[in-house]
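Naming follows writing order (A, B and C), and every chain is counted from residue 1.
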Amino acid sequence: MRYAMVIDLRKCVGCDACTVACRTEWEVPIGHSRTVVSHSGAIGEFPNVYSTNFVAQCNHCDEPTCVPPCPTGATFQEKNGIVQVDTDLCIGCGYCVEACPYDARYINPETNKVDKCDFCAERLDVGLQPACATTCIANAKYFGDLEDRNSIVYKKVFEEGAWRNENENAAIGPNVYYLGTKNQLEIVKAKFGPRKARLATPAQMWKDILRPFIFGAIGVTFVGQAIAFFNQLRNGEEPIDD
Amino acid sequence: MSISRRDFLKRSVLTGGALSVLSTTQLKGFTKHPIGWKGNQRVSEIASICEMCFWRCGILGNVDKYGKILKIDGNPEHPLTHGRLCARGNAGHKLTYDPDRLKYPLMRVGKRGEGKFKRVSWDEALDFFAEKLLKIKKEYGPEAVGYFPHGIQARFFHQVMTAFGTPNSVEPAFAQCRGPRDVGYKLTFGNNIGSPEPLDFEHTDLMVFIGSHIGENVFTGQVLQYAEALERGAKLIVVDPRFSDAAAKADYWLPIKPGTDTSLLLAWMHVLIFEGHYDKEYIDNNAIGFDQLKEHVKDFTPKWAAKITELPESLIIKTARLMGKCSPKVALHPGRHVTWYGDDSQRSRAMALVTALLGSYGRKGGIYLSSKIPAPKFPSSHHKPKVKRADGAGTKYPFASKGLGVTNGLIDATLNEDPYPIKGWVVYSQNVLESIPETYKTKEAIDKLDLMVVVDVMPVEQILYADLVLPEATFLERYDDLYTVKNAKIPFAAIRQPIIDPLFETKPGWWIAKEMAKRLDLKDLFPWDTMEEYFDHRLSGLNTTLKQMQAKGIAMHSKGTPYYDFSKPVKFKTESGKIELYSKKLLREGFSPMPEYTPIDEVPTGYFRLIYGRSPVHTFARSQNNEILNSYQSENDLWLNNKVAEDLGLLDGEYVKLENQDGVISNKIKVNATPGIRADAVYMVHGFGHNSKRMRKAHGKGVSDTQLMTRVKVDPISGGTGMRVNFVRIVKNGNPIMLSGAFSFLPNFEGEGEEELKYVEDPKRVKAKRKIKKVKKKEVKVEKKELKRKVIELKEVETEEEEDEGC
Amino acid sequence: MIWQGICIIQLNKLPKVIDMNEREIIYKTFAKLFNYPDDELIEWIKSGVIAEFLELIEMEEAKIEERNQWNKLNSKSDLLEVLQVEYTHLFISSFPTIPAPLYKSFYEDNEIMGSSIESLIDTYEKYGFEVSKTSNELPDNLVLQFEFASLLIKDNVPLDEQYSFISEFILSWTEKLEEKIIENANLDFYKDLLVTINKFLNNDIATNNTKLSRAEL
């Protein structure tokens, strides 16, 4: 089981139906988004121009750079590939936000926790598709199990050659794939490619983590967080030297 | 605060007197439940239809235990949208929960325009309404009331106004939108196009858009079919001065000089005919006037059109050939908002003729046929008004729809009291100040009224001028009339039903209309008590009831194939029973029987032609205050050619103002310097630039194109107001800025070069005189039968158009 | 006029601590005052009952003279219309936007019926109440909240619960409402009302806190 999404930019009309559906499904506060539609605008010289729309969201990468920096283990990856945030553990430190080369995460100002696309895991549980794919008025978003040879995403990725938005900044196996014309993918590479992950230094992280100890606020929640954190250390997910 | 507790207590003691008076206060806001009550547990999903725009897609409203609409989903049962829903539909509940919405009936207290109102009860409001209306009827006759409705939900009001005795009902859906198209196609094929446009994208090989910017202009069902067609490999030709989203997806983008489309269409016809690409069999069997048309277009060569349209000749030829190659599976989009240059009926005719030459009308992959839906109406004892219309539909504008009317015609009539005085306006769900150009005229006309009533959901600017404002429940809180969709391959009926009860004292339109009827002595107009009763009657033809339909919201009515069966002779609903390439009807009214290109006014030096279009996240000027939609697009921007911007010294993203040819200066607008538009035009999305100072979200954001439209060119055939005849120049720091003398703009179309026409027949040798003579003889015969036919036709027109939806 | 007579009699009585019955009336009156103006309200204004009421609950020097100006300015019907126009402008509908909606959710969620109404409705339900089907108002309308406060008092709900309702659900937004009214009012009436009521609410709670802490001792 490996969930993946394929977005056909040749069909996408850039109408924002998906992003609004996502917003109302998950009550994403205005000013923030789990998924964003961008328009490149016309490129070239009149009348020889081309353009593309682009849809961005969490890529649920094969090697997510957002998981290791999480000091509490709140961000983790499920076996089906979905990168999840356990909001009970999240302390809103924002390391993962910086670490995501696709800027797919934000801190929700109402909860002070990190939030992002989770492929609508709750909808998947009850047999629905992600809200964005369900509502897409151009049927440009395909979702399914990449390991299932009969799935539409398998067909789009392995038979039609859907493309991964990777570059020299980040090649971490994004599981949102794109189909597009040559021109469209060129624009995506030039304008919407991933940035370099910004990782917090270990010293900085320790300071931030230890701060609650220093202020003596050892609540039950924090103990949980600490345990999760030390578990993570023990599992050797990310070596952090003091 | 330095008040001691003692002070507080001391003062509190003094409360006896006033308090004993006040203790009698009776409040009734709450119901008390017995101990053990667990509270409300309502969680439900209700099927209905959207009204964030006029396409009315299927929706499912999710209601939580607090009785609040949590989310709107698409209704998977809907045969056109299959559970998909656009951004506006997804944000629909924000309209219901907009703090600014109208909540109680309001009566004007101050002067018109001052904005002073008091809340009144429905009884007070409706009594006032009836009293005023009956007074106007007594003094001036019932025709002195003008009615400005919008959409299917207006039908109940329509019944009231008609029974009251006024013929003057006008919707911008005609004269500001699709009127010329309906006229052009009806003259050619005997049918107007209707809604949604019956384009067979499902089977087409080629889509042709002239100004249509599907994707930015969103109807979910149409976008879905369009996107699937693209994926299937269907080709796309887009004619648009601007690089729209559709143009970006097109195989051929023709950035035409605005206003010259008819010449392109004529040149296409030239190529189709003289290179022999047209569908000869289809034309021979089903059309009249081919020889005249052939003669007519013989000089309209691609070379001629290339000069006018500023497009490469080769591009015109190539696209025409592609159409020929794909014939008959060509879906040429007839357009929707087509009131552009005042010659719009003829342009629409030209589009219809191209469609005819390609053999695409009534054929698979082209334009499919609409069907009938058996949804009986309650019989009415009230007669149609006999007084002639004041707006010129059928007289001054001979081909204008009498169902939809000519808004600007009625405004002129009100203003000039010609042909008779109009003293009352009933405005329902229409924004007369935003959707009809020449706003100053509208305001002057309002000044002449004894009564202006607005029934609406939101406080749009026109309420300032209203004597009475009646708050309607939003589309999520009410029943509306049955929505029948005949332009679907499997026609269907859909219901709108309340997802929650109306908030505040808002009422559904049907209730308001029914109450109005009661007070206007038209009691028997609505011989039903409940909406169940009403729906059950209307649904009887579909063998269903409201109860049965409520879960899915949709009832299908399958009936035959939506294409012509050419194995038998086909009768079109035109005078001749054939497709009329040559229209004697037009000739009789003094118009050219075949479309001609009339040169448009050139853009004055220093100015740009103002063109406008739609955004996928907004509907006209209606949705800008929606919290979610506003966060996606709070203002429009000004598309300006990047080289022009450079020459003017303007940077992408900087704010400028616009001044039109009559000195009207706009709000500020952000420059979008782009190579995706011609140098002689600027483009903006319609519906922004709300004028009022306190508008929480929409005020002062972007520019109102309507305010810059101080001129219109009226299409003499349909009465439609051509709106792309306005020019603007750019004002920066208070001064207009001009292009430098050195500026030149010579587009270089990559990959376009010489292209020779391959004539199968030499146009110079075309002789059609013989046939024309024949036709003339026949004409006499036809005219004898004219009278009878006209009567029959008129009847047909009326029943048909009553069913028409707004735009 | 008769009311004033009663009042004088009361004035001569010995000071006593404000009782629950009086608090119930006070909150009921707040609700009434923020209802759409009707003849009864005008009657009360004209007879000075409202001015007196406000003076009674007010902490600073009396503005009774000033408030009695309302009487002189307008005839009864004029006054009614003037107040109705003001009420409509501030709280119901005005073009293009109402300046000071009476809904808590507007100030806390930036919309009406936002997520903050959930805990409010839960609270109503907890005490066995539901907004009447006949009420045309949203559950978080100020009028309903005042009425609910009076019902809590009437039902002898423990004091701390009464006060937590008032501070959590009413005072949490009425100061923002006050700002909006001050900014947009054309008349002093509602401005004066809410300023005075807000002061009372704060004091009522302060009093209670003192009481409660005493009880703990």
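Annotations
By definition in this document, a contact is a pair of C-beta atoms (placed from the backbone, for glycine too) under 8 Å apart; a residue touches a chain by one contact, two chains touch by 3 or more.
On a predicted model such as this, the values are computed, not experimentally measured, just so you know.
Annotation: B-C is the more contact-rich of the chain pairs A-B and B-C, by number of C-beta pairs in contact.
The chain with its CA mean position farthest from that of subunit B is C.
For the pair subunit B and subunit C, the distance between C-alpha centroids works out to 47 Å.
With centres set at the average Cα position, the gap from subunit A to subunit B is 40 Å.
Shared interface positions of subunit B, defined as residues touching 2 or more other chains, are 627. Shown for subunit C are the residues that touch two or more other chains, namely 110. For subunit A, residues that reach two or more other chains under the stated contact definition are 30. Looking at the complex, you find that subunit B touches subunit C at residues 1, 3, 5, 7-23, 25, 27-35, 37, 39-40, 66, 68, 94, 97-104, 106, 109-110, 115-119, 459-461, 463-464, 469, 471, 503-505, 625, 627, 690, 692, 694-696, 698-699. Within the complex, the subunit A residues that touch subunit B are 8, 10-11, 13-17, 19-21, 23-25, 30-31, 41-53, 134-140. Those residues of subunit B lying in contact with subunit A across their complex are 70-74, 81, 83-87, 89-91, 93, 214-216, 218, 220, 223-224, 226-228, 230-231, 243, 245, 248-249, 253, 255, 616-617, 627-629, 631-632, 641-643, 672, 674-679, 747-750. Only residues 3-11, 13, 15-18, 22, 25-26, 28-29, 31-32, 36, 44, 49-50, 52-53, 56-60, 81, 84-85, 87-89, 92-99, 101, 103, 106, 110-114, 117-118, 121-122, 124-125, 128-138, 143-144, 147-148, 150-151, 199, 202-203, 206-207, 210 of subunit C touch subunit B when the two sit together in their complex.
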